[in-house]
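Each of the next two complexes has chain A plus one more chain, namely chain B in the first and chain C in the second.
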Partner chain A sequence: MGLLTNLRDSISRVTDGLFAADEPKRIGIYGPPNAGKTTLANRIARDWTGDAVGPESHIPHETRRARRKENVEIERNGRKVTIDIVDTPGVTTKVDYKEFLDHDMEKDDAVRRSREATEGVAEAMHWLREDVDGVIYVLDSTTDPFTQVNTMLIGIIESQDLPALILANKTDLPGSDVQQIANAFPQHETIPLSALEGDNMDEVYTKIAEYFG
Partner chain B sequence: MPGPKANVDAADDPDDGDDGVRIDMISGARMEGLTTMEKIRLILDGVRDGNIVILEEGLSPDEESRLIEVTMTEISPDDFTGIEIETYPKAEAGDQSFLDKLMGRESTQKLTVIGPANRIETLHKDENLISTLVSRK
Partner chain C sequence: MPHQCTSCGRTFPDGSKEMLSGCPDCGGNKFQFKPAGATDNHADEVGQPSGSAPDSPDSAADASGAAAEPSDRTTPTGDQAAPTPDEGSVDRRPADSADATPSDQVESASSDAAASADSPTEADGTEQIADRSDEDTAQASARSEVVSPDELDRASRDVDPAETPPAEEEPQPGIDALRDELNDQFESIRIVSPGQYELNLMELYDRQEYIISLQEDGRYVIEMPDAWGIQDE
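After this line comes the complex of A and B, so read on.
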């Protein structure tokens, strides 16, 4: 009886493993507002599926709901990795609707946008604790990476033992400083790119296959 | 069990009615034994009253994640715009003993400053120094 039970458990583990290997990994794209997360998500989705994930904007909190693009198949060096891309709202600890008024927005629209933004950030935090298998952390390489949100989020990601790829975005802009990001998070590999221009995407895809395959 | 509230009695509250800045320095011992939500309420109740809260030993990453989540649910226009929080960047994992790593025990001891987003502004931050400007109400 015990032998049969052990055999059944072994078979179950093997079949579970086979199915788990086939299931797409949910990869969350995280980072502070305006780092270029949606631009990156769109770049990846367009390159491999032909579709976009969502609208891009220079106004903070354009993405206010986590958006998922499923079954994105990335092939690299004969290796295929299937991922679900989860584009998340920029994480912050504060949202003031008055900041949106500077972007030619009426108060009602600004209040609604800020309310949606807070709900989106709360949702993104929940996803990070419960529902992602890996993280692409996007930073604007023209800004100081030593912020509390970055420190906390990297700490949260590390505490969950999630594989994390740090991308230093916006290398096409003057003032881009990739080394500053590498120095801020020396425990992780930092990959430079311009999601907007598509610069260095080859290396990004190679690393995605390596980290999440 | 006494509640986690850090506030002093209203009659003794020096922040009541004047324009000073009240700072609650909460020891690690005071936080020990509180549940995650009790810690978050202790912090957010103080911050929403306009106080600066300093935690001797900080929060774990999971507690920080939940603090952000709860803060987001409490933000409301013209009332509460969120929190400013500062800690030193995480110390290298070398601070933890092998046994702590093996048992999954996280070292969360890091001085943490939390205040209302509309009253506290970080001027400078690096591995060894956090300089903040606290404004009156």
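After this line comes the complex of A and C, so read on.
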């Protein structure tokens, strides 16, 4: 499976290079666990294709394998942008099965989920290096953005010269603080949104077209 | 008499094929391996089953002769099932009470050893038996620790959570060492314990290969970019 994926990906990378203007850009949705990446991916996919990308959940690490939605056409101001959305597992430096035990999970299931989540992070990091043309970085605006993971990932994205859009998600929640995120990454534009409620998605799509078109 | 049936006590020379489908006399499928040098010291402690050969110097000599006779080969692989004389007698002791609660591992290790004894590419066995007294502890340990088919099987398939052994509660010997060794080699993921991981994101990002499957016992499978590159090109 991995071999075929690799082969396909390397072929598509070559063709990407040859037909850069025509091929859709592959946009990775990155961020820490439970930031709302899958909710956003589903929102984008539903708005423009009618399909969903994957199941959403309050339990961290629901997404443990990168999922892709291809050929999502976004129209903005008469201009059409085609992207492939890659919803990635939440990136973290520690995975502990004990955090799943609070979610009514048996230990065996929690340990397995933990293992799969770790594999997912490894895969997401690999994709970041090899397979994405741009990044939508999703943060939960109710939590402190000054973390090792965020700093490191944003640093990697910048070092790759990848176009990056920072989204301050969960603005529908009471503790949301968009400014804190804007302060943490002043070199980037921060767009507030609630992927769950669909708030401010217009601006998100405009920025996606602008950054990745 | 390197191999002895633990049920009826019949002995077989090293490299014998007779025992491959079980003891021809009693049908038993557990055998203990007794290097020639072991008989003098340990026959008494082990407690020979009825009908076994006496532990006289003659029998040791016979054993060497018998081992050399059928062919010139004895088997390092076959020897794996038989650790140093000391360990041999301890390890195989459960076999004396063969019907009580025979361990699968002993059983399979023995039959493996028997099967591999057939392998034609081995060195001279007589010499090996003679040298065994010089064997150091590392060699002895390597000989005794045969990976059981059960373990191989478990490592090669997806882990069924229902069967997953609670490794945390019952640490198997060597697992911790293995984990440490892996952690030293691959610092991208530190396995603190089953289900608990620490990830070095920079390492993961920098590595060309990536981890595709973590195993229950702390091992993991990685995909090497070179491996498929060579195959495909």
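Annotations for the structure displayed:
In this text, the second predicted complex is superposed on the first by the 195 of 213 C-alpha atoms of A that agree within 3 Å, B and C clash if a C-alpha of one lies under 4 Å from a C-alpha of the other, contacts with A are read in each partner's own complex, and residues count from 1 in each chain.
FYI, a contact is a pair of C-beta atoms (placed from the backbone, for glycine too) under 8 Å apart; a residue touches a chain by one contact, two chains touch by 3 or more.
For clarity, every value in this text was computed on a predicted model and none was experimentally measured.
Following the overlay on chain A, a clash is recorded for the pair chain B and chain C.
Shared-chain residue A:Asp108: touches chain C; no touch with chain B.
In the superposed pair of complexes, A:Thr118 makes contact with chain B and with chain C alike.
In the overlay built on the shared chain, the residue A:Thr151 is in contact with chain B alone; chain C does not reach it.
Only one of the chain C stretches 75-83, 201-209 or 219-227 carries C-alpha atoms that clash with chain B in the superposed arrangement, namely 201-209.
Residues 91-97, 111, 114-115, 118-119, 121-122, 125-126, 128-129, 152, 156 of chain A contact both chain B in one complex and chain C in the other. The residues of chain A lying in touch with chain B in their complex are 91-97, 111, 114-115, 118-119, 121-122, 125-126, 128-129, 146-148, 151-152, 154-156, 158-160, 184, 187. Interface residues of chain B facing chain A in the complex, by the touch rule stated above, are 60-62, 64-66, 68-69, 71-73, 75, 77, 81-87, 89-90, 93, 106, 117-118, 122, 125-126.
Touching chain C in their complex are the following residues of chain A: 2-3, 6-7, 91-98, 107-112, 114-115, 118-119, 121-123, 125-126, 128-129, 149, 152-153, 156. Considering their complex, residues 159, 161-162, 164, 188-189, 194-202, 204-207, 210-214, 216, 223, 225, 228, 231-232 of chain C touch chain A.
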